[in-house]
Amino acid sequence: MILEKTKLALQNLFPALETKEALTEDTSKEQDKKTQKEPRQNGLLQRDYSVHGYHLDAQVAADQLIEAITILDEAKYFIESITGVDWIKEDQLEVIYDFSRYDFDLCRVVIRTRVDRKKPIVPSITGIYAGANWHERETHDFFGIKFTGHPHLIPLLLPEDADFHPLLKDFKA
Amino acid sequence: MNSPIELQPDETFILNVGPQHPATHGVLRVKMEMNGEYIVEAETVIGYIHRMHEKMGEIKTYPQFLMNLSRMDYLGALGYSHGHVLLVEKASGIEVPERAEYIRAIMVELNRIASHLFWFGAFVMDLGGFSPLMYALQDREHILDMLERVTGSRLTYCYFRFGGLYNDIDDEFISSARRFIPRMRKSLKKYHRLVTGNIIFRKRLEGIAPLSQEMCRKYGASSAVARGSGINFDVRKNEPYSVYPEFNFDVPVFHECDSLARYNVRMEEMEQSLRIIEQGLDKLPEGPIMPAKKPKLIKPPAGDYYQAVETARGSFGIRLVSDGDKTPYRLKLRSPTYSNMHLFDEACRGMMIMDALAFMGSLDLVIPEIDR
Amino acid sequence: MKLTLLNVVVAVVVAIGFAALNAAYLVWAERRGAARIQRRPGPNINGPFGLLQPPLDGIKLMAKQLTIPGGADKVLFIAAPVLAMFPAIMSFVTIPFSDTIVAKNMNVGILMIFAFASMGGMSLVFAGWSSRNKYAMMSSVRAVSQSVAYEIPMLITTITVVMIAGSMDLTEIVHQQSGSILNWNIFPLFGNSHNILMPMSFLIFFTCTLAETNRAPFDLGEAESELVAGFHTEYGSMGFGLFFMGEYANIVIGSCMTTILFLGGWNAPLPFLGFIPGVFWFLLKLYMLIATFIWIRWTFPRTTIYGLLNLSWKILIPLSLFNLLFTAGLIKVF
């Protein structure tokens, strides 16, 4: 099953974490409870599909991003979307990458990465998935996240000379 | 037809297609660098109808946001609403009565046929055949009349509620739907005789804009764009939701990868939607349309939720990041046409402008859905 | 019939009047025909059956402001619509509507008509070039290449008929087809031609007429969904009106030529029907052909430019050349 293969492949990105804990939905629920108090740490979680709508949830550091995405590209996932979330209380911006599959071996994977809110810099994945071009431009429009290596990072949906980022929580129109 | 000659800077000219243009189906601008009739580079400029629905999602409460969903893809609005209500019901744990689910599926399939009819008429009109548009719109009027009796709107529906529907269907709707199905089948035969078999039409579309499976995967294409390239992907079958597992229908897949394959996929989809409606009407259970207990205030528990549905244009996804409050913390709308349109820039290099515009028509674009 | 100056002037004025009236009311016929094909009523508000629509449209067009884009070449810009209308109307002078009804019969009638038709092609270039608009320029490039490509099979097919008739005089060509319907040039074996391939010639000529007049499925020059309005994008008011009327006048001329060359002109289909005047038969055939033009336009989508040019250079020209040689051979032998 592709779910197991991807899980193992992604787990290799986090050698430091305790792998003696089996990765089940219960650990995810514990992790959720922990996240309410402090920001979530890097790691891989398996989610309950009937509640959350996706299977695997990996949070990586910004410099591990290209590696994680390459794993998914080789496993023939397609890019669903890229978006951002503004965690103003924790002073972080999160970039969320959604992936899914075309065949009947369903496995939805979500890759997240958190960056500092003052200097949000994330490497661009347009070299791996050409479709990330517009998604990253839109995320840059809405949150101000800079994607290094992006060929053409100008506003997509906002006017060309826009210098504001509407989806930030402290944005005043 | 890629030009092997090095082009001097003054040998090409820039042609702006849009934002006001009869063929772009909305406010879309494509900056094309042309060498005579051939496109050297194309750059799509969008954002002319950007209304920031995602910000509205953060400001409005969940019930207030219900009406926003139909304003994006106005031709296939019920599919969008379906995705949204399924997501919130999944997150909050609201049970939906079975009758409501069946009626939702029937309505969504009727809407899908209406959207495909409009696409069909507009597509053939782009290619120069003006009459099929009128026939398609006439068939679409039947559907809109049926839907208007029940939902109250012809185009921008706000019919689904969290937990079910707000208005039940009556016998008049069921009988007119049953009358509609054979009528539509006769119309489809007429369209196939008039358009699909026409040699001029076939020559316009055969071999135009081949999209490889790899390209579809890199861009995340769905619906007819992927199914016309041989990828068997339909969210109703790959990731079943609602009552779709109960229905017996096929997913049309064609392997030629060209515009004619995409056209054929959508024509076949109409037939399959008719099958679903038939089965839905046969299996329709009695019962309530709203759950007995529903929370007064919708407040999904804190966390991250995702729902994907198959709309007329592809795999529509909503992501909800909730912090337990009555408005979402973040609501992301993944529109299928956004990913489909993205292909255009890379795929149309070296094409003639006529073929590029035929290709755009075969992608089935609704610009407000791209721009949200 | 003594030809006085007055006779000639009256005849010419009547011919031009017929042309202009046709051009105006063909718009009405097209709109009603299109509407019927599309299952809607069409113009039916202004006057009975909408018959007052063309004059009212004409008044509206004349009342609009005539704008010339800044930077456009004024002389060519204004000359183009006039050049579109003028040759078509002048060609009417030589067309014989019946034995005796012809403004000025010339014994090189065909040559004159084709000369005027080529002049009409220039208006496309003038319009597209002088508008200073990329869409217009692109469309006039397409229209010119289409015009040139389709003139050739048209001329070759005409030469075939001229060879059979032995004269370029239009009245003479029709006289050769008198008798019964089987004597018309379209039918093989029984007609003068003894030539099996004549129906093919008729189809080639008909297709070329469709292409020369920029009618669908060959209307790339005005392809509305791609190039906004093609070479007449920048024209409003009477400029547009003149282009429109010129196109319909061309259609009438093309149908007249098809009738005369292939369908027997003003000859009745059966000899005993000869008491009905020839004009009636001529107009009947003419309007049936025009109705076919309208029918074809609203049924078929547009061809691509390379499909169009391929059809002409690779299919129509070889076929018509072959027919020409075949006919020449037959005439030599029989």
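Every chain is named by a letter (A, B and C) in the order it is written, and numbering of its residues begins at 1.
In this section, a residue touches a chain if its C-beta (ideal position, glycine included) is under 8 Å from a C-beta of that chain, and two chains touch if they have at least 3 such contacts.
No experiment lies behind these values; they were computed from the predicted model shown.
Engineer: Could you tell me which chain's Cα centre is nearest to the average position of every protein Cα atom shown?
Structural biologist: B
Engineer: Which chain has its C-alpha centroid farthest away from the centroid of chain A?
Structural biologist: Relative to chain A, the chain with the farthest C-alpha centre is C.
Engineer: Just how far, in Å, is the C-alpha centre of chain C from the one of chain B?
Structural biologist: Averaging C-alpha atoms per chain gives centres 44 Å apart.
Engineer: With chain centres defined as C-alpha means, what is the inter-centre distance between chain A and chain B in Å?
Structural biologist: Computed value for the inter-centroid distance: 26 Å.
Engineer: Report the inter-chain centroid distance for chain A and chain C in whole angstrom, where each centroid is the mean of the CA atoms.
Structural biologist: 65
Engineer: If a residue has to touch 2 or more other chains to count, which residues of chain B qualify?
Structural biologist: Not one residue of chain B touches more than one other chain, so the list is empty.
Engineer: Which positions of chain C touch chain B when the two form their complex?
Structural biologist: On the chain C side, the touching residues are 34, 37-40, 134-135, 138, 141-142, 216-217, 219-220, 223-226, 228, 298-307.
Engineer: Touching residues of chain A toward chain B in the complex: what are they?
Structural biologist: Contact set of chain A toward chain B: 32, 36, 50-54, 57, 76, 78-81, 83, 85-86, 96, 98, 100-104, 106, 108, 110, 129-131, 133-134, 142, 155-159, 166-167.
Engineer: Which part of chain B faces chain A closely enough to touch in the complex?
Structural biologist: Counting only chain B, the residues touching chain A are 46-47, 50, 52, 54-55, 58, 87, 90-91, 216-220, 226, 231-233, 237-239, 302-308, 315, 317, 319, 321, 329-330, 332, 334, 338-339, 342, 346, 371-372.
Engineer: Can you list the chain B residues touching chain C in their complex?
Structural biologist: Its residues touching chain C are 13, 15, 21-23, 36-37, 124-131, 134-135, 138, 194-195, 198, 200-201, 203-204, 352-355, 357.
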